[in-house]
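Please see the structure below; I have some questions.
As written, the chain order gives the labels A, B, C and D, with residue 1 at the start of each chain.
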Amino acid sequence: MAGSTYGKIFQISTWGESHGAALGVVVDGCPAGLLLSADEIQVYLDRRKPGQSKITTNRREADQVELLSGIFEGRTTGTPISMMIRNTSQRSADYGEIANCYRPGHADYTFDAKYGFRDYRGGGRSSGRETAGRVAGGAIAVRLLQEFGIRVTAYTLSIGPVKIDRDKFDPSVILTTPTGMPDLDASAMAEAYLADCMRNYDSAGGIIECVIEGVPAGLGDPVFEKLDANLSKAIMSIGAVKAVEIGDGIEVSVRQGSQNNDPFRMKDGKVIKTTNHAGGILGGISDASSIILRAHVKPTPSIFSAQQTVNRQGEDMELSIKGRHDPVIVPRAVVVVECMAALTIADALLLNASAKLDNLKKIYGR
Amino acid sequence: MAGSTYGKIFQISTWGESHGAALGVVVDGCPAGLLLSADEIQVYLDRRKPGQSKITTNRREADQVELLSGIFEGRTTGTPISMMIRNTSQRSADYGEIANCYRPGHADYTFDAKYGFRDYRGGGRSSGRETAGRVAGGAIAVRLLQEFGIRVTAYTLSIGPVKIDRDKFDPSVILTTPTGMPDLDASAMAEAYLADCMRNYDSAGGIIECVIEGVPAGLGDPVFEKLDANLSKAIMSIGAVKAVEIGDGIEVSVRQGSQNNDPFRMKDGKVIKTTNHAGGILGGISDASSIILRAHVKPTPSIFSAQQTVNRQGEDMELSIKGRHDPVIVPRAVVVVECMAALTIADALLLNASAKLDNLKKIYGR
Amino acid sequence: MAGSTYGKIFQISTWGESHGAALGVVVDGCPAGLLLSADEIQVYLDRRKPGQSKITTNRREADQVELLSGIFEGRTTGTPISMMIRNTSQRSADYGEIANCYRPGHADYTFDAKYGFRDYRGGGRSSGRETAGRVAGGAIAVRLLQEFGIRVTAYTLSIGPVKIDRDKFDPSVILTTPTGMPDLDASAMAEAYLADCMRNYDSAGGIIECVIEGVPAGLGDPVFEKLDANLSKAIMSIGAVKAVEIGDGIEVSVRQGSQNNDPFRMKDGKVIKTTNHAGGILGGISDASSIILRAHVKPTPSIFSAQQTVNRQGEDMELSIKGRHDPVIVPRAVVVVECMAALTIADALLLNASAKLDNLKKIYGR
Amino acid sequence: MAGSTYGKIFQISTWGESHGAALGVVVDGCPAGLLLSADEIQVYLDRRKPGQSKITTNRREADQVELLSGIFEGRTTGTPISMMIRNTSQRSADYGEIANCYRPGHADYTFDAKYGFRDYRGGGRSSGRETAGRVAGGAIAVRLLQEFGIRVTAYTLSIGPVKIDRDKFDPSVILTTPTGMPDLDASAMAEAYLADCMRNYDSAGGIIECVIEGVPAGLGDPVFEKLDANLSKAIMSIGAVKAVEIGDGIEVSVRQGSQNNDPFRMKDGKVIKTTNHAGGILGGISDASSIILRAHVKPTPSIFSAQQTVNRQGEDMELSIKGRHDPVIVPRAVVVVECMAALTIADALLLNASAKLDNLKKIYGR
């Protein structure tokens, strides 16, 4: 309730600031008996960590996870899993000049308005570094979902004006391109575009798409806890996301019902949909086809060109941001989208266990 | 937690099915001392109720609210406010033929998958009628926000291909046009478009925009409980919404940082933004400029033309839906968007009361 | 969160005041597929309703439950079950004189302190009538537990100085004695004691015991959500309860470990405890032996003899309460204890469904 | 919801096992602007830590707290405060022999029943060491309450048959006696009694009392979130507590209303009660007199004499526990009771901020 906890049963609580001693997450409610190693979590953190290419900040963080509790003899025990990542590359000096003014597009002003003051070093709690905790927790959700054949895959759909060509979609390159694009050509073009942005002291936005395959029908609840409602919240809670689409999303408003409805058909003894405009969710509940969502990400607000702003004394001023900043948020946010989606699906999977009497009878043997 | 409750402190719990005895809502956590009458709530229900024009279903429901608790001598007492609306126009016979099959675009299949069976009469709990409870509860949130000078206004931005002309924006006609558009010309064109859809046994989608003015800076929390994250969940939890945008939304992905950042300036001793691409929220916290969001609504899935589907016995079949259905969901959903937004802001307003020590000292007098 | 909701998955939200139009409850999270009739709920409400003997208030309320949603073709649908009980015997005139002063032992003063004013008619929301909603909801929890062989039985252990003789324990008379005692002789003595109290314009307290049989091992969580912690909250939330014991309760403080530990032994291939000092819960988790708890209930604060108090104008005064009041709360609270216990166990049963991977694999078939 | 989180707004999430790498707590929802140092927290942890006298286990733990986030320039920032305590004295070898059997009075059996296996080293998550996180979090709640003149004081009322003499009550010795008793003579007698218990390879129980002074009237909510209900849960969630009393507690059942009601009177322009049988809470809401509660604590289940039990293979066996164990839990639990009470009051203080419109107008200036 206090704002740093996500999920109802499979629950993560993140903590930590950009320039504090450490960041971390407590995962509570992970079912007991799941095989889990720190290495599996580290793989996800490595995808998020900075300093991996020309188009990410050159701040160097090992982002090494320390597993502190909740695992015994290689398995989850059902008790809280605490993970910590030490901050090692804080250069607070870079932030001295912005302690007293409000960076446009950042949360500096609103933090001051809410709390009376703020940890201004690197954005404090509102830094993108906060997502390290989400990724560590999300990696465990991903592991849990694997047990049930559920796979979550996110990738970059566009950066600035450069979109992938769906005909060239190659999932095998998502983790190798610096952009996170599943299309080598588009990725190269996006890199060129970003180089341009950087030369102009400017930054770019983009779109991330996420596909969740293997979700059984029945996850999500009919009214406020619709699966798409929770996915939207999860994705919109990632800093810089300004729009979320489910399935065909923004295209539905100009369609007619006959174009947008997905017909049902029987196939191999199962109910399937012959199209998937809905993106795998009907009435807030998963329908066993792939869940598809997209996040629209704004350009990095930290740009090196001069900007108008005000200081805490209430004076107009001009600000030129220094320091180390990604020219685009999208590539490093891909794994965050993946993790937030996985956390949402894992939570729905657990909640759904008690949705009908038959489920409970399977467990309690009546 | 069980799925029919929304909000953390200002909380609504809705109940009821399309063709049950009644629908209702319990509002818990409304502060004591608010002047409130049943008439003020009825005004909002009347905006949602069916049978008001050619472009809404001709099902006739009085949708008369009964206030059962929580008010004493015209003021809220701080205890739960229970409200009930009797169903009066159930014609279950219309739904007999669909008891056994799954309507495309509806929740019939997913309900069966989740719960093992369903109340098939009019969609049961997944009917749009469920939103009556949200509107009754939301009307109280609107009343509370008025005390703090906060105004929530939603309207139709487009129906199918017909968009309003922002230069002709006239808020005074929102409640008078059958489309909910703030532009008489566009509204007339949209009506013509809908008449076309109906002739073709088809339906239309559209976009709803919502503006929230007068919100103080500081509402919302920095991480998972970002104000935009909660607004997204609230809006996406309305059936048929497939995408949500905050501020400039989907446009940000092709912008550069220098175009998208909103400069700060001092004006009359206050910090203001000279543009509002962000839509009133920075880092998940309100910045005192107008909050702007848009909901993309799919076309009504109940269409009269023949559709492919399957029945509960696992056989392919063809379905022609009968009964009474809106050719477009948008106009009646406008007030639902307004109410879900108001509920979200009211909850954030209450939660923020304990965000800093100074606030508490104002209350407890230290 | 707003205070009128109990439970995490199996959740009830109650509403209503003593002298309002109606009282009720919304049950959300009850698994789909449970056979349930209004008659089964009415049986529990009838046990709580007033006017049934000399030792309960002569206020006459039918307390007839109306089932408004969530049931279809005799089974729960998994959606909220709304129930309402109309108030029919409000004689507000009786309360006119106490509108302006604070009855000792009641919540009048604290309501005014918290909310600024109060619905003074019959105690408003703090009336014992509020428990009608708990009982209607609890009756459904009882029904659910039956499916798993779990039985909840509460009874009166003592009224004032009159205790039952455990050697004469006869569960068959619990529902027939006006005291709720499982001992006819003790019940007769308690009735005589109460007659004395009434003659002296005074009232009595007592103790309620509750036994829950058939609970599988494993319910409850290790730290804050211990099963005994939740039972304590549930029972202490019943007005007039001032102490809660689990198992041997207050006797443990003078014992030594060797006397208090319950030895484990194998019996018929199962782990059993040869004694049950712990009352069926170890480390906050059920151990499959009977869960035992006791509630200590204060004497009815509404007494007819003169009492010292103050009025809202801040003047000392003397008050003689009139109206209709039970001389003892215990007999009518027995069913409330039973229902709160059932709700707590039902919620733990549902939550435990996702505690280990094996449980989930039974449901999702991997 | 997942069981390791306590509180609604002022919220703690604890993690860690007895013999893992570390234990800790995340405090979320603490208002911004509170002056706070690690030293203030360490004082509370030092009161709980082992190895301080003959009557506590001779396990030596520094229990040094590391403050990892949420503090900036000496003040809380409103973001999560993460604290960690490294385990330094794990001697897992001591526990090898109990890996395979169930210690009577412990959670070994129920953990296996719930999760399928357990971290058997030192009780894992069910160890009393888990309370270190509660104490670190509770120390912050204590600091917050100080700002509002609220003081929480707990002490030992009895150990085994030895009770304090209320006429000799001396709060200044609570922190100096090894028993936590506010009575030097009783404490000496209790030490002698404990020496006896230890000689007999046995252990003792006792009672802890807690007094909370300076609580403003109005905290707590009328129905399920009664202040006494939440205090009961908080206290009963401490391992080994088997009964909780509020105010006169178990004595009320034999009283008559005229003896138990607390008369109101005016004093210095304020409403006061001339007695305090109720223990500071009426109808679940604080009445501004002192809140009083008592926890009944069972004898330490780890005793060195032989006990009957079973092993995981389902065989009867005899067990003699070795290792380092407190002969009585009470003295070290005193500070835990104090902290759980402080956390509960702090949360109620924050929640009450939005209970009435007037409070909100003080904050938002309308």
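Throughout what follows, contacts are C-beta pairs under 8 Å (C-beta built on N, C-alpha and C of every residue); 3 or more make two chains touch, one makes a residue touch a chain.
Source: prediction; values computed, not measured.
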item: Interface with more contacting C-beta pairs, comparing A-B to B-D; value: A-B
item: Remotest chain, chain A as reference, centres from CA atoms; value: C
item: Chain centre separation in whole Å, for chain D relative to chain A (CA means); value: 38
item: Distance from chain B to chain A - Cα centre to Cα centre, in angstrom; value: 26
item: Where chain B and chain D are represented by their mean Cα positions, the distance between them in whole Å; value: 44
item: Junction residues of chain A, two or more chains touched; value: 1-5, 8-9, 14, 29, 32-33, 78-79, 114-116, 125, 216, 222, 355-356, 358
item: For the chain C and chain B complex, residues of the former touching the latter; value: 1-5, 7-11, 13-17, 20-24, 26, 28-29, 32-33, 66-70, 72-73, 75, 77-82, 84, 114-119, 124-125
item: Touching residues on chain C, where the partner in the complex is chain D; value: 1-6, 8, 14, 102, 104-107, 109-111, 113-116, 125-126, 130, 158, 160-161, 197, 200, 202-207, 216-226, 228-237, 239, 242-250, 252-266, 269, 271, 274, 278-279, 281-288, 296-303, 305, 307-310, 314-316, 352, 355-356, 358
item: Sites on chain C touched by chain A in the complex; value: 1, 9, 29, 31-34, 78-79, 144, 147-149, 216, 222, 349-351, 353-364, 366
